[in-house]
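Comments concern the structure below.
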Amino acid sequence: MQEQIFELQYAIDTFYFLVCGALVMWMAAGFAMLEAGLVRSKSTTEILTKNVALYSISCVMYLLVGYQLMYGGGYLLAGIENDGAEAAADLVAGVLADSAEAGFNGDSVYSDASDFFFQVVFVATAMSIVSGAVAERMKLWAFLLFCVVMTGFIYPIEGGWTWGGKPVGFGDFELLNLGDIGFSDFAGSGIVHLAGAAAALAGVILLGARKGKFGRDGQIYAIPGANLPLATLGTFILWMGWFGFNGGSVLKLGDVASANSVAVVFLNTNASAAAGAVSALVVARLMFGKADLTMALNGALAGLVAITAEPSTPTPAMASLFGAIAGLIVVYSIVALEKFRLDDPVGAISVHGVVGIFGLMIVPFTNSDATFIAQATGAVVIFTWVFIASFIVWLLLKLIFGIRISEEEEYEGADVSECGMEAYPEFTK
Amino acid sequence: MKKVTAIIKPFLLDEVRDALGEIGVRGITVTEVKGFGRQKGHTELYRGAEYVVDFLPKTQIDAVVADSLVDSVIDSIRNAASTGKIGDGKIFVTEVEQAIRIRTGESGEEAL
Amino acid sequence: MQEQIFELQYAIDTFYFLVCGALVMWMAAGFAMLEAGLVRSKSTTEILTKNVALYSISCVMYLLVGYQLMYGGGYLLAGIENDGAEAAADLVAGVLADSAEAGFNGDSVYSDASDFFFQVVFVATAMSIVSGAVAERMKLWAFLLFCVVMTGFIYPIEGGWTWGGKPVGFGDFELLNLGDIGFSDFAGSGIVHLAGAAAALAGVILLGARKGKFGRDGQIYAIPGANLPLATLGTFILWMGWFGFNGGSVLKLGDVASANSVAVVFLNTNASAAAGAVSALVVARLMFGKADLTMALNGALAGLVAITAEPSTPTPAMASLFGAIAGLIVVYSIVALEKFRLDDPVGAISVHGVVGIFGLMIVPFTNSDATFIAQATGAVVIFTWVFIASFIVWLLLKLIFGIRISEEEEYEGADVSECGMEAYPEFTK
Amino acid sequence: MQEQIFELQYAIDTFYFLVCGALVMWMAAGFAMLEAGLVRSKSTTEILTKNVALYSISCVMYLLVGYQLMYGGGYLLAGIENDGAEAAADLVAGVLADSAEAGFNGDSVYSDASDFFFQVVFVATAMSIVSGAVAERMKLWAFLLFCVVMTGFIYPIEGGWTWGGKPVGFGDFELLNLGDIGFSDFAGSGIVHLAGAAAALAGVILLGARKGKFGRDGQIYAIPGANLPLATLGTFILWMGWFGFNGGSVLKLGDVASANSVAVVFLNTNASAAAGAVSALVVARLMFGKADLTMALNGALAGLVAITAEPSTPTPAMASLFGAIAGLIVVYSIVALEKFRLDDPVGAISVHGVVGIFGLMIVPFTNSDATFIAQATGAVVIFTWVFIASFIVWLLLKLIFGIRISEEEEYEGADVSECGMEAYPEFTK
Amino acid sequence: MKKVTAIIKPFLLDEVRDALGEIGVRGITVTEVKGFGRQKGHTELYRGAEYVVDFLPKTQIDAVVADSLVDSVIDSIRNAASTGKIGDGKIFVTEVEQAIRIRTGESGEEAL
Amino acid sequence: MKKVTAIIKPFLLDEVRDALGEIGVRGITVTEVKGFGRQKGHTELYRGAEYVVDFLPKTQIDAVVADSLVDSVIDSIRNAASTGKIGDGKIFVTEVEQAIRIRTGESGEEAL
C-alpha cells in the first residue's frame, strides 16, 4: 500500500507540473497579445509571427540541445525517451525506489517528461521578452536566428549555472557556484526575466529607436499602441499563466507543506500583481494627470516579476507591498529609459529587467537563506553573461545580414516587408 | 447647379441632414475628413510621452443643388451646424457644369 | 500511512481549489473582453481600465478587510500568515489533527491560503458585473472609489450573512440567520451575481442613460457594440472560468462522493449554459427575425447564472431545462429593462440580477434542503442590503465628486476624458 | 485504508478528466477566434454565432441522444443521473467494488459525469472544423440544422464504431470491428478530425466557392482574413486546449505508468505542434518568399492533428519529426485544394482531413499494436461514412431550404443577412 | 480640363476603373463616402432596439480629364456603374483651372 | 477664391501642412483616399494565392485660398511633397464662388 501511495503522489506531482506547464505555455499567447496590442497596426502581423515562431523555435532548440546544457537531460531528450512507454515495469520500479529513498515528505518524484514540459515553456518566456522590445523595426529572420542561439545556448548555459547547479564558467574554467554562495531565485525574476531583458537591451542598443520616436532635439514622441483590448487580454493571460510559472516552481505538491506552499505562492503572486496594477495606475495618474491603462498593465506585470524571485516566504501583506513598489518603479523606469533614447515599445526592459533586479534584491527580506551580496552577484552574473553573449550575436547578425529593416520598409510597416500580409487589411487607413 | 460643400463637426451630421431634407435637398454625399484650422488640437500623453493630435475629425457634406436653392441651403446648414464655438466649420460653393443620374441618364437638375 | 493519505488528500483538495481559483480569476478577463466588445470604441480604454483596476482593487481590499469581515480570516490575512512556511512542522501537525477529526469522508481540510485565493476571485466577479452596466458614462475614479467600498465592505458583509454563516444584521442587532432558515445558494447566483446586479442597478438609476440611448418620445435606440469577436471571446472565457466558479464551490474533491459531485457540477454547468445559448438564440430569432449573437452570448451567461445556485442536484436534463428557461428570461428582461429606460450596455442587470433571482428560486425543485420562502427571503435580503448600501455610496459620490462625465466628454468618448488614450487609435473614424 | 486509496485515485482521475475537459471546451473559443480572424469582417458576426451555437447544440444533442448512440450512456444521460448525489452511499460502494476489481494499476475508475463532460467537448471539436470551411456563404440556420444531425447522429454512430467498440454497420448488418483488426486512434486524428473534415468537404462541394475566390479562367484570388491577431489567439487557444484533448485521452492519471504516459503525451503534443509551425513557416518562406503567418498557424495545428492519433509512443524527437512533416504537408495541401477550386477559407480540410489521415498512417511506426492496413481501413470507413452521410444531409438541406445565401447577401456580408449585426460596426469602411 | 466626379456603388469600382482605363484615363482618385439619397437605408435590430442605417456606403471617383474626354468618360462610367436599380449614383462635372504634376512640375493636360 | 486640391503621399502630410502654415494658409481639410495612376501597385501572396493591391493609399489636401495666394500655395506643396519618385501626386486648382464661416457668417476671403 505504501507503493500505491507513492504512485498516487507521483501522479499528483506529475499532473501538477503539467497543469502548471500548460499555464506557462499559455503565457506565450499572453506575450503575443500584449505585444500585438502595443505596436502599430502595420507591425502587427510581424510581431505575431515572431511570437508564434519564437515559441516554436524555443521548443525545438530546448529539445535538441538546451535541456542537455541546462540540466543534462540528454540531447534530443535521450534521457526522457527511456522512461517512455516501452519499459513501463522498469519505470514503476524506478519511481518506487526513488520515492522510497526520498521519503514521502522528501524531494518530489515525478515524470521526467513533465519536468521537460515545465522547463521548456520557461525558455519561451525568456525569449518572448525580447520580441516586444525590438518590435516594429527588426528583421524577422535575424530575430529568429537570434532566437535559435538564445534558446539553444545562451539561456540554457545561464540556467545551468543557476537552477542547474553548475558552476559559473565553461569547462574547466569555473568561477563560483551561485547556489553555494546563497543566491536564490525561486521562479526566475533573474534567471528568466532579467535574462530576457538583458538580451532585449543588447538588441535595442544595436538596433536603434523606431523612426519618429525621438526628435532631433531630444523630443520624445509617443507612438500609441493600436489595439488596447489585445494588450489588456495579453496581460490577463500572463497574469493567469503566472500562477503556473510561480506555482509550479515549488516543484512538489504532494504533501501538506508543499501544497500549502503552492497555495501561498498563488496567493502572493496574485496579491503582488494586484498591488502593482493599482500602484502604477495611481502613480501614472499623479505623474501624467490621466489614468494610463498601459501603465496599469505594466504595473501588474511588474508586480508579477517582482514576486517571482520569492513568492513563498512573504506574508500576503508584504507581497502586496513589494508589488506596489514594483508598480511605482516600472512607471519611472519606462519614462527614464526613454530619456536615454532607448526605444522599447512594450516596456519589456523595465518590466522584466529593472523590476527583475528589484525582485532579486528583496528576497533576503523574507528568505533568510538568501543574502544581498549573493543576490547582487547573481544579478550581475546573469546580466553580464546574457547581455554580452547577446550583444555579440546581435552584432554578428548585424554585420552579416543586417538586423534592421530599411527606412522605407519601416514606414510601410514590417508586416508588408517581412510577412507580406497585413494584420487588419480591411480596417486600417 | 452649384455644389455646396460644408465642413462641420461630426456630431451635427444628423441635424444638418434633417435641415437639408426639410428644404427639399434629396441627396447628399458625406465624407469623413480631418480638419486643421483655427481650432487647435490637443496634446495627449501616452506612457509619459507627448503626442499632438492636431488634425481634428470633421465631416464633409457635399450637396449639389439647383442655383435657386443655394442660399437656403447655406442658411439651413448654418442654422443646424452652428454651436458658436470655434471649429464649427466652413461652407464653400462651387459651380457644377453637369449632373447625370447613372441609372436613368437624366441630366441637369433633373438628375439631382 | 493514514497520515500520508491525509497529506495527499490535503494536497489534492488544495490543488483543486487553486485550479478552480485560477479559472475564476480568468473570468476577470472574460468580463473585460465582454464589456470591451459591447461598448463603443470610444469608451473601450476606459472599460478596460475599470476592469483591470476593479480586479486589482478587489484583491487589495479583500486582503485588507474583506476576508476578515466575511469569514473572520484576519485583517491583512493575519490568520493565513501564520500557516506560511515558517512553522511547517506545526502546519503538518495541525492539518493531520484536523483531518483526523474530520475523517477521510468529512469536511475538506485544505490550505487556508488556497481558500483565500478562491474567495478573493469571487469578490472581483461581483464587482465586474457593475462595470458593464455603468459603462460609457461614469467617471473612472468615482467608479473605483465605489469599488473600494463594495469589495471591502458591502459584499463581504453580505457574504458573511450567507456563506460566512453570520446572522443578518450588524453587531448586536441580529435579524435572522439565512443558513438556518434553509437558504441555499451553492456558488452564488444570489450572493455574487444578484449582489453585483443590485449594485449595478443602483448605479444605473443614479447615473441615467447614455446620451442618445432613449429619444424624447420614448424611442429606444440601439447603440451597437464595437467589437463582437471580443464579446464572444469574453463569453467563452466566462464559460470556461465558470467551471472553476461552480466546480470549486463543492469545496472538496478528495473522496468519491465529492469528486463525483464536482463532475456533476461541471456537467450541469456546461449543459445549462449550452441550453441557455440555444434558447436565447431561438427566442431572439422569433422575436426579432434575426439571429442575434449578443443575445446568444447573454443566453449562455444566463444559463450559467441560473445553475449557479444549485449545480449539484439537478439531473443533466433538468439543468438543460433550467438553462433554456434562463435564456428565454434574459431576452425578455433585456428588452423590458430598456422599456423602463434603464440603460445597461451589456445586459448585466438582466443576466446576473433577474436570472440570479430565477436561479435562487429553482433550487428547491432539486434540493430538498432549500425552501422557496427561504430562497425568496435570501434574495430580498441580499438585494435590499446591496441595493440600498450601494445607492447611498453612489449618491454620496454623486454629491461630492459627481459620478457622470460631462455631455461633451461623453460625446468625445470616456477614453479621451478619463484615460487620455484611445483603444484603437488607428482604426476609428 | 485501501478504500481511501481507491477513493483518492477516483478523485484524482475524475479531476484529471474535468481539467482536460475544460481545456477541450476552451478549444471552442479557439476555433471561434481562428475562424473569426480568417474570414472577412463582413462575415464575422455570423461565424461567431455559428461557433457559439454549434458548441451549444453539440452539448444539447450529445446529451439527448449522442452519448447513448456512441457509448450506450443513456438517452438524456439516464445512466449518469443515477450516480448523482441522491445515492451517495451506493455510489461509493459501487466505485470501491469497481476499483477492487480493476486493481490499482488496472483500468481507470472515475465519475461517469466526468466521462460525459470529456466526451461532449470532443463532439463540438469535430463540428467546429466544419464551420470554418463553409464560412462566409452558408445560411446560418441550414448550418445549425446540419449541426443537429452531425452531433446527434453522424459523429456518435462513427464514434461508436471506433472508440465505442461497436462493430461497423447498423443493427444486424455488421461489417467488421475496427478495434479487433488493429485500428488505433488514440485521441482522434481520424475519429474526430478526419470526421469533421469529411463533413466539411461534403459541404464545401455542394456549396461552391465564395464569389470572387476563383476567376473564370482558373485564376485563384486571395481573400485575406480580416483580423490576424484573432487568428493567432485562436491558434494558441487550440494549442493549449489540445493538451487536454490528447492528455485526457490517456484516460487514467492515477498510477505511475499512466501519469508518465500523460506527461509524455503533453510533451509530444507540444513538440509536434512546435515543429509543425517552424516547418510550415520555412516551407512557406521558400515557396512564397514571405513569412506567411497564417501558414505558420496552420502548421502548428497540423502538428497537433498529426500527433493526435498516437501521442504516447513516439520519442520526443520522432514527435517533432512527425510535426515537421505535417507542417510541410499542410502548406502543399492548402495550395493544392485551391487548384481543385475547393474554397476553404481557414484551411480546415487540409489541417484536419489531409493531416488527419497522415496522423493515422504514422501510428504503426511507433505503436506495434496498429497496422497500416487497419489504419487505412479505419480512415476509409470514417471518411466514407461521414462524407456520404453528410453529403446526403447537406443535399436534403439544399433541396428543401437552400444552403447558400444569395449573391447580394454574400456581397453585403453574411453578417447583415444572417445576423442583422456587424461585427465591427464602427471600423469597417 | 474637367473633373468628373462619380458616386457609385462600391462593388462596381473595379469595373469602372477598367472601363476608364480602356478609354485612356490614366489616373483616378477614390474616396470612401456615405450617401444619402432616394435609395433608402434599412432598419436593423440590435438586442431588440432599432437603429436606422440611413447613410449607405458609396464610392466616389474623381478623374480629372481633358475636355475632349469628358463625354466618353461619362459614358464609360454609366455603362460600368449602372445596375438599373435605385442608388446607382450620380456623375458631376466641374471645371478644373489648373493641374500640376508634383514630381515634374508639368502642368495642364500634360500633368494628367 | 480658389480651391487647391493636392493628392500626396501620406507620410508627407506633416511637411505639407507646415509648409502651408508658413505662407499663411490657416485652414486645410484632409481626406484619406486611394489613388490609381502611373505608380503601379504590387502583388501580394496570401496563403499561396495572389492578390493585387492596385489602389495605393494617398492623402488629399483641400485648401481654399485667396486668388493671390494660389501660386505660392502650389510652390509650397510641390516643395514639400516632392520626392522625385513616381506617385508623388497632383495638384488641381478649381474656382470657389463663395466661402462662409459657419460660426460667424463671415463670407468671402474673410471666412478662410
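Labels A, B, C, D, E and F are assigned to the chains in the order they are written; within every chain, residues are numbered from 1.
Heads up, the rule we're going with is that contacts are C-beta pairs under 8 Å (C-beta built on N, C-alpha and C of every residue); 3 or more make two chains touch, one makes a residue touch a chain.
Remember, predicted model here, so these are calculated numbers, not experimental data.
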Revision key, fill the gap. At minimum, the number of touching-chain hops separating subunit B from subunit F is 1
Check your understanding: Which listed pair, C-E, B-C or A-F, shares over half of the residue-numbered contact pairs seen at D-F?
Key -> C-E
Practice item. State, to the nearest whole Å, the distance from the C-alpha centre of subunit A to the C-alpha centre of subunit D. Key: 32
Review point. At what distance in angstrom does the C-alpha mean of subunit E lie from that of subunit D?
Key: 48
Review point. Which positions in subunit B touch two or more other chains at once?
Key: 31-32, 44-46, 94-95
Revision key, fill the gap. Subunit D residues touching 2+ other chains are 1, 5, 8, 12, 19, 224, 227, 233, 288-290, 292, 294, 420-421, 424, 427, 429
Practice item. Could you list each pair of chains that touch one another? Key: A-B, A-C, A-D, A-F, B-C, B-E, B-F, C-D, C-E, D-E, D-F, E-F
Review point. Along subunit B, where are the residues that touch subunit F in the complex?
Key: 2, 6-8, 31-38, 54-55, 58, 60, 74, 77-78, 81-95
Revision key, fill the gap. So, in the complex, the side of subunit F touching subunit B is made of residues 3, 17, 26-31, 64, 94-103, 105, 111-112
Point to revise | Residue ranges of subunit D touching subunit F (in the complex, touch as defined) | key: 220-224, 284, 287-290, 292, 294-295, 331, 334-335, 338, 347
Study note, to complete from the structure: subunit C contacts subunit A in the complex at 1, 4-5, 7-8, 10-12, 14-15, 17-19, 21-22, 25-26, 28-29, 32-33, 36-37, 44-45, 48-49, 51-53, 55-60, 63, 76-77, 80-81, 83-85, 88, 91-92, 95-96, 110-114, 116-117, 120, 140-141, 227, 230, 233, 418-427
**Study point:** subunit D residues touching subunit E - in the complex, by the definition given at the top
**Key:** 411, 416, 420-421, 429
